[in-house]
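Next come two complexes built around chain A: one with chain B, the other with chain C.
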Partner chain A sequence: MSDHVFVCPPREPLLRALKDKNVVVDAASTKGVADAFGLAQRCGAAVRCVRARFAGLLAEIKPEAAWEGIPLALYVDGVGRFRDIAPRLPALRRLNLRVYVQASSANNLTGIRILSSLGLAAAAIIDRSADWGGCADLCTYALLGTAPHAPIDPFARLAENYHETGINRLTAALFEDPSAIFHVNENGPVARTAGELARSEFVAPSIERFLAAPPEPLDSALGLLAQNSSCAFCPALSVCLGIVADPANCPPGAKEFFADLLDAVEQSKDLNRRGRRTLWQT
Partner chain B sequence: MPNVLFTQRCVRSCPYCFARKHMSDSSPDDIISWENVIYLADFLEAGGERVFSILGGEPTLHPDFVDMVLYLIERRFHVRVFTSGIMSESKLRDASAAFAALPQEALAFICNVNDPGRSEQSAAELPRVEAFLAEFGSRIAPGFNIYQTDFSLDFICHHINRFGLKRSIRLGLTHPIPGQQNLFISLKDIDLIIKRFFEHAPLLERLHIRPGMDCGFPLCRFTNEQIAWFMRYGGECRFGCGAVIDIGPDMSVWPCFPLSAFDKRSIFEFNSLAEMRTHYDGLTKKIRVEQGGIYLACDTCGLRRDGNCAGGCVAHALEAFRHEPNVRAQEVYA
Partner chain C sequence: MADLIVKVTEKCNSNCAYCDVVRKPRGGETMSFAILETLFRRINEFLLAQPAEEVTFIWHGGEPLLLGPAFLEQAAALERTHCPSTAFRIKHCIQTNLTCLTQEHIPALRALRITSMGTSYDPLPNVRGPGTTPDSEWYRERFFKGLSLLKRNGFAWGIIYVVTRLSLARPLDLFYYLVNLCPGGNFNLNPVLIYDNERKHLAITPREFADFLGALFPVWWKHQGRYPNVQPLRRITDNIRDNIFNLGCCDSGECAYSHVNIAPNGETSQCGRSADWELLPYGNIQQRSLAEILADSQRDELARRNAVLRDGECAGCRFWELCHGGCPLDAWSQHKGFLHKSEWCDSKRMFITDYFEPITGLRFQHHGS
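Now for the complex of A and B:
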């Protein structure tokens, strides 16, 4: 089995072509979660998770019993008032769930922290619109908070897989990694990113052609270095890789966020090395 | 257990207010953030604390008061809210709907009531207080701060019977706030207070209402018969005085409101609740070394030596230090 991961719509021919391959099934909405998962399993795909979008707040969602056991990446517009979420918590806790929320507002970042503190895995969708200061606070909580809490991606995943001298793509936890995660159009062509998929910029015209001749791993960091752009001198390059920021127009606060993130990752690894995170401590 | 201030704005202006010094030094618009509530929940949980005490100002003024209380209960804290009970109708409806299904032990209110017969302000706020008492009756333990020698507990007994409140009264003794003007019970009046309280004893006995004493009462002023009465009919009696620890919305910490100007720090200076307690207990001990208690006799008192009495509220000593030459350990002037 290749290490590639394919984000693919729940269409039978595509999923059959991805038999034994790592697949994120991209269900259009929460209505299709169970069906999408069942279809991918019948087609023999190695389902990493089902990705679904809910146009509304987490507090408005009605978790279905059929979702239990399905690894679910649930994208929502926000978390909502705690009083509205509280009655849903028992049902949400029964799910194999990670909640994805845009990191663009303080409310959303607070919502992510609340969910994590209650044991629900969450993820901040970090893009150019992110609240960078809030993200820095959240990553400190995610990586250095001493009380038990559920992982917050992309920080948790970054810390877990961090290599001091290698490439650590922050957005890999958000299904964006041009060297490893590929996005399949519903007609079959394959793109490196969701953005390139939307712009019909494909690396292969079909899954079969992709599998027959996989594209070279793309290391955009090398491109940025070659361009001698301002990113080439940024200490966060190995994490950002020009996806979150871009050399011409780095958003204010982004550099500081990445500096804090790298510090938190280093501290977290150091603490883990010293055995802080043992379950039983005296 | 520490108290966490959700707001620094109050709807009352009680003449004895023990939070006055802190409030006058702080921004009334400061309210606690979700991030800080989560940090404190983690901090207290790690310290083995299972009660989360919410204070103000008036904590129900916080726009997320209801949601934050529900969150803390979800974190398995027993939440205790100190309130005046004065809130808007919409807030009361809101809280009532949100808290209705909660187990009794999850949420309790300590409603600090003022005698409506003693001031126009207290009379004016009575309808709102009564609405609150009617809504949350069995969750509420009334509290009363004694700041006059001729106080009456009759109106509280009436509240308890009428609204089905918990059959207890938390009695607080008002103390001086060093450097501030507030009404408090002077040392010479403490005997009068105790005498006045025991005039209510037969009524409390008949109504099965258990009074409890908050910190700062000096044990030596009670007779053995009075202590025996408390053992038989009373609730919790504390003749202690130590660092309660109050935590502001901005995460500043101090030992208790009367000592809010003394060694105010940031919670982030402490790694644990135990470390914070040790620090502030050390401060209290330094003051006690300078002056054992509120009376000169406290220095050699057996009750204090044996740990049965702390020697009254340390704020009296601090207030006294302000009126003498600067000859003591410098920490006590902090």
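Now for the complex of A and C:
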């Protein structure tokens, strides 16, 4: 089996073509989660997870019993009030769930922190619109906070796979990695990123053609260096890899966030290496 | 270990602003297969007579890859013919600008057991490239194509960055560029060495080089796990903190009997610079054996230099073990004699006393070698 992961709509011919391949089934809405998972399994795909969007707050969602056992990446507009989530907590905790929220507002970042403290895995969707200062605080909490909490991606995954002297792609935990995660159009062509999929910029006209001749891995860092863009001179290149796009107009605070992130990852690994401090006992 | 700097050609497709080779009055020669054959025979003789020895064959120029894959394949064939039992003790390395690397070169490089390449790059405009005012865009496009090819084929690589006056305004930018280019920081920062008046606008002083390194050092020191192999910072740290004395040819004081530069016409000298300045001629590889060249009596002065400096100009210097007076050719360029210290010693001393020791809190202890 190749290491590639395919984000693919729940269409039978596509999923059949991806038999034995790593697949993220893009169910679009929460209505189709169980059906999408069942279809992918019947087609023989190695299902990593089902990705679904809920147009509303997590507090408004009604978890279905059929979702139990399905690895679910649930995208929501926000978390909502704790008092509204509390009644749903037992059902949510029974799921194999990670909740994805845009990291663009203080409210959302607080929501992610609350979910994590409640033992629900969460992920901050970091893009150009991110609240960079808030993200820096969240990554510190995620990696260095001593109170027990569920993992917060993309920080937890970055720390887990951190390669100190190499490239670390922050967005891999957000289904974006142009060398490993590919996005399939509902008609079959394959793109390197969700953005390229939306713009119909494909690397292969079909899954079959992709599998017959996989594209060369994309060295994003080298691309930015070759363009001599301002990213090439940035200390955060090895982890940002241009996710904030438009290097000439890097959002204020982004560079500082990435610097804090790398420091927090290294500090966390160092703490783990040395063993966390334990308080005296009688 | 004998290090052979083999200038297979003096031709180059670039006209880098600080390079001396392309400015040589009688440049442009390429080594003939007859001389290359003689060279392999000489290496074989040497290795047969010295069973514990090894030879490093450094493909240098000019731009060695300009000669094309056929030349490299022919070299590999000559080695197979003339060094049947000793080839495993010959290590081939190459210093290339990568701008003419093609997929066709790859099998030929592998035939010479080359797994790693040394290269150079500068993101600043008009430093590297062809033309009177170096066309850095041309260079950049081809360099990155070559680099991409090299990475795709699984070769390791390292970079030499030459610090010029143009670099001095942006030390941290350049540092980050280089660590982005070479994750892990597999690069070497060298001061530009300018000996003519025509290019004084590129020259830097030892003080300026020390300050350039000093501007990077706090970042490197804090994140040395991220960028472990940035030279000379790594080496100086190894020397001072860990007592690991792995010094380069300029600082080791041990180059006297180990280095040979071989020009395209077979003429030999101590190193690239001594050949450029027509110093320390050791004769032609067609007339002399490698053993004779490595034992040439002119080398004795270089060997004697250690004792002369330790008891003279460098007496009492607490950094003696770290530089041994520096490169004898640098000393010659300033004093027209080898038995002097190099002015670049001051650069190392200033960096250590003004930056390394205050920032790290470590102090270099003289060991009395």
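Definition applied: the second predicted complex is superposed on the first by the 274 of 282 C-alpha atoms of A that agree within 3 Å, B and C clash if a C-alpha of one lies under 4 Å from a C-alpha of the other, contacts with A are read in each partner's own complex, and residues count from 1 in each chain.
Everything below uses one rule, namely that contacts are C-beta pairs under 8 Å (C-beta built on N, C-alpha and C of every residue); 3 or more make two chains touch, one makes a residue touch a chain.
These numbers come from a predicted model, not from an experiment.
In the three-chain model built by superposing on chain A, chain B fits alongside chain C with no clash. Contact comparison for chain A: of chain B and chain C, C touches the greater number of residues.
Using CA centres, the angle subtended at chain A by chain B and chain C is 110 degrees, rounded to a multiple of 10. In the overlay built on the shared chain, the residue A:216 is in contact with chain C alone; chain B does not reach it.
By the touch criterion stated above, A:12 is placed in contact with neither chain B nor chain C.
When the shared chain is aligned, chain B comes close enough to touch A:145, but chain C does not. Looking at the shared chain after the overlay, A:110 reaches chain B, while chain C stays out of its contact range.
Of the two partner chains, chain B is the only one touched by A:137; chain C is not. Legend: residue contacts after superposition of the two complexes on their common chain; A:233 is shown touching chain C, with no touch to chain B.
Figure legend note: chain B and chain C, brought together by superposition on chain A, show a least Cα distance of 24 Å.
Common to the chain B and chain C interfaces on chain A is no residue.
Chain A makes touch with chain C in their complex at residues 164-167, 216, 219, 221-222, 224-226, 228, 232-235, 237-238, 262, 266. Chain B makes touch with chain A in their complex at residues 33-35, 38, 41-43, 45-46, 64, 66-68, 70-71, 74-75, 98. Within the complex formed with chain B, the residues of chain A that make contact are 81-83, 86, 89, 110, 113-114, 117-118, 137, 141, 145-147, 149. On chain C, the positions that touch chain A within their shared complex are 123, 140-141, 144, 147-148, 151-152, 170, 173-174, 176-177, 179-181, 183-185, 219, 225-228.
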